[in-house]
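Chain naming follows the written order as A, B, C, D, E and F, and within any one chain the residues start at number 1.
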């Protein structure tokens, strides 16, 4: 039995609110139950130094958590003068995941920064961030096309992500904090709309996991991402 | 004529949403028109080293802006490894302002941190942060009383803040970004419910301002803060 | 009764020593009683990146305190790797104050840095720094004119600053450390030679201050700055 | 055809040299072909603050690359004052992997630090580091038992790691730099001696990978780790 | 011929002004010609963590240059967030030199910090700093004895320092900036009152120096330090 | 009697292994007994900003110690975000020493970085680093000549370094850690093949040293460096 009463293969209610803030080229509030992440896509007409004059653009991500997004307050990283290892690991994952969906040559010599800021955390913030950032990125690309800055969208695929894990011996989909902090295994899976894998990161928290457990988690992930892909499409159709 | 069509002494619509996030002891979204700041109050059962065993508590504030809260993206301070001078100046102001309302001995040996994070900026973020933080602080103190950790609220007064300035030669109340960026003088005023001044910070941006202009701005500020005090009370009465 | 025996509207002895060190374009030791600040103006033939090729110059300030300028030793900021919030707040104030006196286009594409280093502190270091920096800035501008680098001085006004406050219930001028550490209200006022206000920063340390108290402090400040303006002129006439 | 002429399921020559340096409790040079990593295990009789007086120990890892371990020189992280995101990601992986093999209560209130310094890089440094660190950790634990500081080894399993990937459309084992920089998919797999998975991290570099490709890579990884487990045992039997 | 017209073995005018600032336990302005360094000795009733409860004290030094102590402005180290290599090298030298004169057990569990801040630089700042710091340290120790905190002075010897070098092929004493920037060899020598060497640091700037040149420089240094020892004694006798 | 049983003027066994790693233009493992330092020379086709377009090159050094190169583990400087004072002092010494052997104009507009990383420490790491770096630098210069990038080697002399000191009242050559930690005086001497001095750094650890002791140490240093010069030549002749 899951703490939330959900079935093992049941997602939390997922909500994508586009145009959540007014300045960014793409701005999406993504909610997976009580997890709330604001994802903005900012377009800048310049690329990092090592990409200059190569005819290609860049997509990168930054991740942050408001100090009181969690049950007890975390130090503000800006005040400590340093991002935590966990933060760096997560933002690198988000960046890699989204770049997998973009034709960087078609983007042209510009940079898109995806800022993922967790307003409220209840497990699964990194996969929510990837799922929401994709929608923000679509909005930003549509704007570039609309403004005539690029002829066609540089997006080559659709990206969503979900966490799966083994909780109390049972493979479950979309772990909330109560599950995540007790899970024996925790796995984050990033996929595209064609059921292709972009990134798989699984960690045994308690004991090592077996091939069959891994297969069961992959099944759940495919099932969950398929739903997220539809939720993204519905949001983008509005 | 103001860009927004407001009268010189007219506030933007102000909204205070309590319990905006679920983990903090106090959590308030404050909106002054398009300016949106999330203010959380976190209670910690410890004080800074220089206050240990003195029977007194501490109230402090931290301020941040999401990278794309503004028209063009600002570097993330956590990634740059350093808070900007402007950030430090603002969070010191917020902390001083709120401490003016608190009996630190009545608070006991605990620390309250007010985190003010700007989700969307359109001028006046620091005064909005003070106004919203006060409400978050009340909620946190009420909880401490309710939990029996302190016998009575350590709050000794009510605090609100507003910006005033001289725009196109006319003293105006509550400047938005369009006005702020063009204003000849910009002044932030923190007051209590008894019309006492907690902090006054006025800066000539263009030419020096005269005593009579200063007096006119002070009048506007008193007028504006009086309304904010009522709006806070209404929000806290819910 | 003031600890120093001064009358409420009495300045400490103020001394401005020009050419205090030999390398800087302007170098002034400013003394307000026991407060001693070395202010140097350095001219650099380049502007910050965001001002390049705009035909305008820049004036900025940096503030520091020698570790043992005060009663007990403070950590050296260079060794800690970080400027304190107080330092940043002060140097931003000094920079804004002095820029208010300069026609940045007439200055041309160059930068003037005002370094204000406190050799000995006894209250009022920031207002002393502004008052002394103005004289150093005049010397630097005169040199630029003399060397033929600019045709006329870019200075558009004269700037001086003083602290006022409420000590033991009485408004007083030019607080020393003994008063400052006990004051109920502390206000720093920057003005020009035409009695215009450049910056006003007042903080209630104990209880909130009233409009009439504020007016009394403003009177004192006008009275004090008028004297400082004359002292600066006398120093510059030598 | 692989650049090195190896078969798809063929490891590079792997060498483990124990007691490579003289001061550390465990010190192992691990070589996978031209990749050379020095892994030391240092035992400290103290734990991080958050673990004090809990009767448990801690195992952590730090990773570094000598500036010229690679084809072109990288900035020294100590001189830049910051570890790269890649470094942080890798050392977190190594730490998690090794902790999975340790009964932290049996270790007692002490900390083991695994320092993995790459002397020469040719792909697969993180999996080599895990494989070598395990041997260094065994040596350190044996010493603790021998010195009578703990009664039995806190090691609960054997850990090794290998990279797999898809190169030119073919799943291959143990990628060297020439392959890694061209691979379509790159996956690092950490396993124990019982074929249990500790960590799986797979990233699509070019196009998304399919379930069947993932399965093929997992097979190769199992095959490779099984050999590494034997090589570790042989080294430890000396 | 030296730029200053001095003879090869001639010191610049040396001046030691005690009680230059009012807060420090020792405060000395040392001048070697145009080189002016403010040396303060601060006594703190605590020792660094690694010395706690060992019955011994510590003496350390910090060095800084005001940004415009030199011909062109140097970045403020506090603003850059980092001390330069040169600064660190110098302050380590000063600390070692002064510790050589102190019986750390007789000092008791307290720390003396010698802050050496260059107000104006014209070569030889580090040796001036050592020579002036010694006098500040004597004043601080005398105060400790006078206050009854220690029974006898912990000073075991007298320390002074001078630079020597080879300029235009001739060994010279006490190089000023004009000489220093052109010198073929530059050597800093720290000695005690018994002609014993505390530290010798010689660097060939142009070509390597010979044993006989080294001997000639050592002679000059002995000659110069002997005079400085007398100047210190005269200053301390006032 | 020395702890190692060596005679006062006896070097430890010295070994220079060229081509120790495969990527660098020069790569030498230098061993002085148990002290092992990896010295790599990296050629970069660019110079620091302040040298651009001046027709000259640059040679610089960086020094590091693996965390467990010593008896107890030192914090990793990259993780602490700061190089220690000792590290900075040493790498500045190495850089100055090697630059003394190079005609920077003949090197052309390129930079050689000498990375000296201590794998195992037993005293004398800085002098070993200088001695080994010279050989790595020769290899890098030979490669530049061979590749036709410069016509002749920019090396103008041969550089080696050794430590000398006073141990138990006796001047000794090449101190190991057991001696170094007990020595009364410690001196590092850098010389060239013509017995010229490049750098001399002597520090009294216990009592001040006399002229005759200094002379005795210089004799030992000359004796030691003469042998190192031959060992370098033999290594380079292979």
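What we mean here is this: a residue touches a chain if its C-beta (ideal position, glycine included) is under 8 Å from a C-beta of that chain, and two chains touch if they have at least 3 such contacts.
The shown structure was predicted, so the numbers you read here are calculated from the model rather than taken from an experiment.
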Item checked: If a chain touches subunit B and subunit D alike, it appears here -> A
Next item on the list: Walk from subunit C over to subunit F along touching chains and report the minimum step count.
Entry: 2
Item checked: Approximate Å spacing (C-alpha centroids) for the pair subunit D, subunit E -> 50
Item checked: Whole-Å gap separating subunit C and subunit E, where each centre is the average of the chain's CA atoms -> 33
Margin query: So the centre of each chain is just the mean of its C-alpha atoms; given that, what is the distance between subunit B and subunit F in Å?
Written below: 58
Item checked: Two or more partner chains touched - positions in subunit F -> 81-82
Next item on the list: Can you trace the ring for me, subunit A first, then subunit D, and on through the rest?
Entry: A, D, F, E, C, B
Next item on the list: Enumerate the contact residues on subunit C facing subunit E in the complex.
Entry: 21-24, 27, 34, 36, 38, 40, 42, 44, 62, 64, 66-73, 76-79, 81-83, 87, 113, 115, 117, 119-121
Item checked: subunit A-facing residues of subunit D, complex -> 85-86, 88-89, 91-92, 96, 100, 157, 187, 191-192, 194-204, 207-211, 214, 218
